[in-house]
Amino acid sequence: MEFSHFNKEERAKMVDVSAKDPTLRIAKAYGEVLLNKETLAKVKEGRIAKGDVLAVAQVAGIMAAKRNHELIPMCHNIPLESCDISFAIDDKTSKITITSFVKCHHKTGVEMEALMAVSIAALTIYDMCKALQKDIEITNICLLEKRGGKSDYVKV
Amino acid sequence: MEFSHFNKEERAKMVDVSAKDPTLRIAKAYGEVLLNKETLAKVKEGRIAKGDVLAVAQVAGIMAAKRNHELIPMCHNIPLESCDISFAIDDKTSKITITSFVKCHHKTGVEMEALMAVSIAALTIYDMCKALQKDIEITNICLLEKRGGKSDYVKV
Amino acid sequence: MEFSHFNKEERAKMVDVSAKDPTLRIAKAYGEVLLNKETLAKVKEGRIAKGDVLAVAQVAGIMAAKRNHELIPMCHNIPLESCDISFAIDDKTSKITITSFVKCHHKTGVEMEALMAVSIAALTIYDMCKALQKDIEITNICLLEKRGGKSDYVKV
Amino acid sequence: MEFSHFNKEERAKMVDVSAKDPTLRIAKAYGEVLLNKETLAKVKEGRIAKGDVLAVAQVAGIMAAKRNHELIPMCHNIPLESCDISFAIDDKTSKITITSFVKCHHKTGVEMEALMAVSIAALTIYDMCKALQKDIEITNICLLEKRGGKSDYVKV
Amino acid sequence: MEFSHFNKEERAKMVDVSAKDPTLRIAKAYGEVLLNKETLAKVKEGRIAKGDVLAVAQVAGIMAAKRNHELIPMCHNIPLESCDISFAIDDKTSKITITSFVKCHHKTGVEMEALMAVSIAALTIYDMCKALQKDIEITNICLLEKRGGKSDYVKV
Amino acid sequence: MEFSHFNKEERAKMVDVSAKDPTLRIAKAYGEVLLNKETLAKVKEGRIAKGDVLAVAQVAGIMAAKRNHELIPMCHNIPLESCDISFAIDDKTSKITITSFVKCHHKTGVEMEALMAVSIAALTIYDMCKALQKDIEITNICLLEKRGGKSDYVKV
């Protein structure tokens, strides 16, 4: 298999998808933000209050998914049909897990949009918590599932 | 210590830095992209050719640092004075490590700009390689160092 | 009837429209800018000259309609097929009325795009006139008509 | 007094502020969203839940203030130093009132940034509620106060 | 033939393409950057090294094509299906020639996207070389070919 | 003299200007749009009417100058203090000439902002006229003057 993003001069190009038929594309991505116990406790308190860290991260992640093509140079600009983000707090390992879901009918997949949603949501949690803790870590960003292209993929 | 991003109604706000003096702010962030041996070999070949994966990731990361405030809701828009990204390939662990450096004279730090540069560079590597490998992972995104604010920080 | 913008965790999401068929969507929105007689007279003079306040507002409104999804968090990014803005000057009530028309074939409506066009055109008139008058008011922004979705709407 | 936004050819220009000294600029703007009793009740319920309409509107308004210069053609791009938005619900008149506060040290004022924050917050409330009610109205958008330029202004 | 970009009030509008059928649209544009021999030699050396001027210009041009509608006021926002840029160095005339190729299925053409790709790639070459030479010139930007609309065009 | 845009790994970086003092920077750029006599006559008629080609091009050019750093990868984001564009019609050679003026106090120059203003104004004229003529050419884009950096430059 070869890189699909390079032209004959070995420079980057936007892959030509014009001859493909649009199909329903689904992508699900994942990531983790590692916080210490004190920060995580503050975030959880915030969840009960009106304006919470995760509400801001949710909005930021969804807005970034729509602008993925402005940031990742060779990505197509795609009119998304659905985008959602879900958070879970794991007290034992002291982390927030983020899962994103993106859908559209298009000629190319939406993996990068799902990964962008997770990444920007994670960075927003980082930003909202960085006054409390300097050694936050964002980790384990990966694709959970994609459907609708030449081949499906489910992370094992 | 308290969240600095919430107002009296407990909603998010952009922190008021108007009474602070501008100082030289420096931030250095880090992240990793885990690839399998085959994909890493292809990326390395590309480094020798004219248009390589890391050149595209470099451009994407720098451009994203300048637009950090459009993506992270409570970040200030800051005229950056320097931004650079450095890559290293670790064959033993089969990963690409990314380090970013950002500078400006401002009333607030540039940690998020440095972290954004690393994150978008990592996502761009992911995008350029995803035709070769579906289980790429972005991991270990963290701040290495910050200088110029109330307190300095160096990751131990 | 329920909010369609919240997920099971009661956080905001982009509504899933992937199962819908695209139809011709039309939206028409309205707004008013209240000026005093002196400012309004200046704007009218400008209409005769080459570069006028309303020409700038027209361009700003149309450009903003295309970027509606970057601003309104849960709006879909939609390739618009038509956008026009019309102004009228009402001397008696000393105001400028703005009407926008937006069209596309899509799975969701374009009301927000039409309202965005009116709002940004109104703010641009405000900006161009604010050296002349400090108490300008933008008022009465509403949807006049929408067609093509589950239910049509015409303002009575 | 004359328009400051036109050049000698009577076309629009960005006003030259290069000879001015930066001063602390403050602006406070206001606007209203008129909802019916049923919609307003739903918004209020949402305030208690985790993800509420006003939290999304808050984020959207602050993000838009930072991008004001991308939307209003002749506005300067200004590094804002503070931005906050406050909501109040008036049950008697069945409306949500929005107040924004913006600060920076600059050579020109931040009125348009404050008005943009209010306008986009109002449009976001509209978007989140439009499945419940079609005849929402945004009204009474105005400047409450500005300080730091040639002349201060307080709305009477 | 008449301007298609003006409405009845003789102001600019986005042309209504809603009644048209989508067809495959192709556009190819061209431009030149005139450098002196010394600068051109440096650019050519760079082509052999890892990070070269043309690799950055390539990325910038492709990213700008996707954002054409944000810059050219009356252009439609179009989900592009292919975008590539090709450079050639002409030693005799001491210039770099740029050719762009854009494709999509849409109701309107992609000429402006192709011209935008060339223009921003040329400006990026200018930016990267301007420390070496102050009198660089960008010239001869034109459409080479367009296909898929009412009439095809090939530059003679 | 060497490229200032490359780091030690020979990849592109944003030049570090953090140690420099801000000075008044001025840049003036130029470009031409070549039209045939019929198209030029139509543009001139439009100048008398309310909404004219050049008014739209003026707005587009100024808005693009503010966003130069989003498009040219290694450019700094700079808060501009003045931006104006001037057009002249040369009937003998059947062309529109465009001159832009940009000012700011900053640590780096604003040449690219001035060149961006001219380029996008030219592309907008192209877009507004392309229904009338297919072989429009944009040519002779160059820097007329820059002041305020290490060395001034005036085109001879």
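Here the chain labels run A, B, C, D, E and F in written order, and each chain numbers its own residues starting at 1.
We adopt the following convention: a residue touches a chain if its C-beta (ideal position, glycine included) is under 8 Å from a C-beta of that chain, and two chains touch if they have at least 3 such contacts.
All figures in this text were calculated on a predicted structure; none of them were measured in a lab.
Asker: Out of curiosity, which chains are bumping into both chain C and chain D?
Answerer: Output, common partners of chain C and chain D: A, F.
Asker: If each hop has to land on a touching chain, what is the smallest number of hops from chain B to chain E?
Answerer: Tracing touching chains, the least step count from chain B to chain E comes to 1.
Asker: Return the chains shared as contacts by chain D and chain F, ordered by label.
Answerer: Of all the chains present, those in contact with both chain D and chain F are B, C.
Asker: Among all chains, whose Cα centre is located farthest from the one for chain B?
Answerer: Of all the other chains, the one whose centre lies farthest from chain B is C.
Asker: Would you identify the chain whose Cα-based centre sits farthest away from the centre of chain A?
Answerer: That would be chain F.
Asker: Hey, what angle do you get rotating chain B onto chain F on C-alpha, to the nearest 5 degrees?
Answerer: Angle of rotation between the two copies: 120 degrees.
Asker: Check the residue numbers that chain B and chain D use where they touch, and answer same if over half are used by both copies, otherwise different.
Answerer: different
Asker: Could you please state the distance in Å, as a whole number, between where the Cα atoms of chain B are centred and where those of chain C are centred?
Answerer: 36
Asker: At what distance in angstrom does the C-alpha mean of chain F lie from that of chain C?
Answerer: 30
Asker: Any idea how many Å lie between the Cα centroids of chain C and chain E?
Answerer: Here chain C and chain E have centroids separated by 31 Å.
Asker: Multi-chain contacts in chain B: which residues touch at least two other chains?
Answerer: As it turns out, chain B has residues touching two or more other chains at 7, 9, 11-12, 50-51, 54-56, 58-60, 63, 67, 70, 73-74, 77, 79.
Asker: Classify the inter-chain contact topology: is it line, ring, star, complete, or other?
Answerer: other
Asker: Mind listing each pair of touching chains for me?
Answerer: A-B, A-C, A-D, A-E, B-D, B-E, B-F, C-D, C-E, C-F, D-F, E-F
Asker: If we count contacts the way the header does, which residues on chain F are in touch with chain D in the complex?
Answerer: That would be residues 24, 54-55, 58-59, 62-63, 66-67, 77, 79-87, 103-105 of chain F.
Asker: Within their complex, state which residues of chain A touch chain D.
Answerer: 47, 50-52, 54-56, 58-60, 63
Asker: Along chain F, where are the residues that touch chain E in the complex?
Answerer: Those in contact with chain E are residues 1-7, 9-12, 31, 42, 46, 49-51, 53, 56, 59-60, 63-64, 67, 70-75, 111-112, 115-116, 119-120, 122-124, 126-132, 134-143, 146, 153, 155.
Asker: Could you please specify the touching residues of chain B with respect to chain D in the complex?
Answerer: Touch residues, chain B against chain D: 7, 9, 11-18, 69-70, 73-74, 76-79, 106-107.
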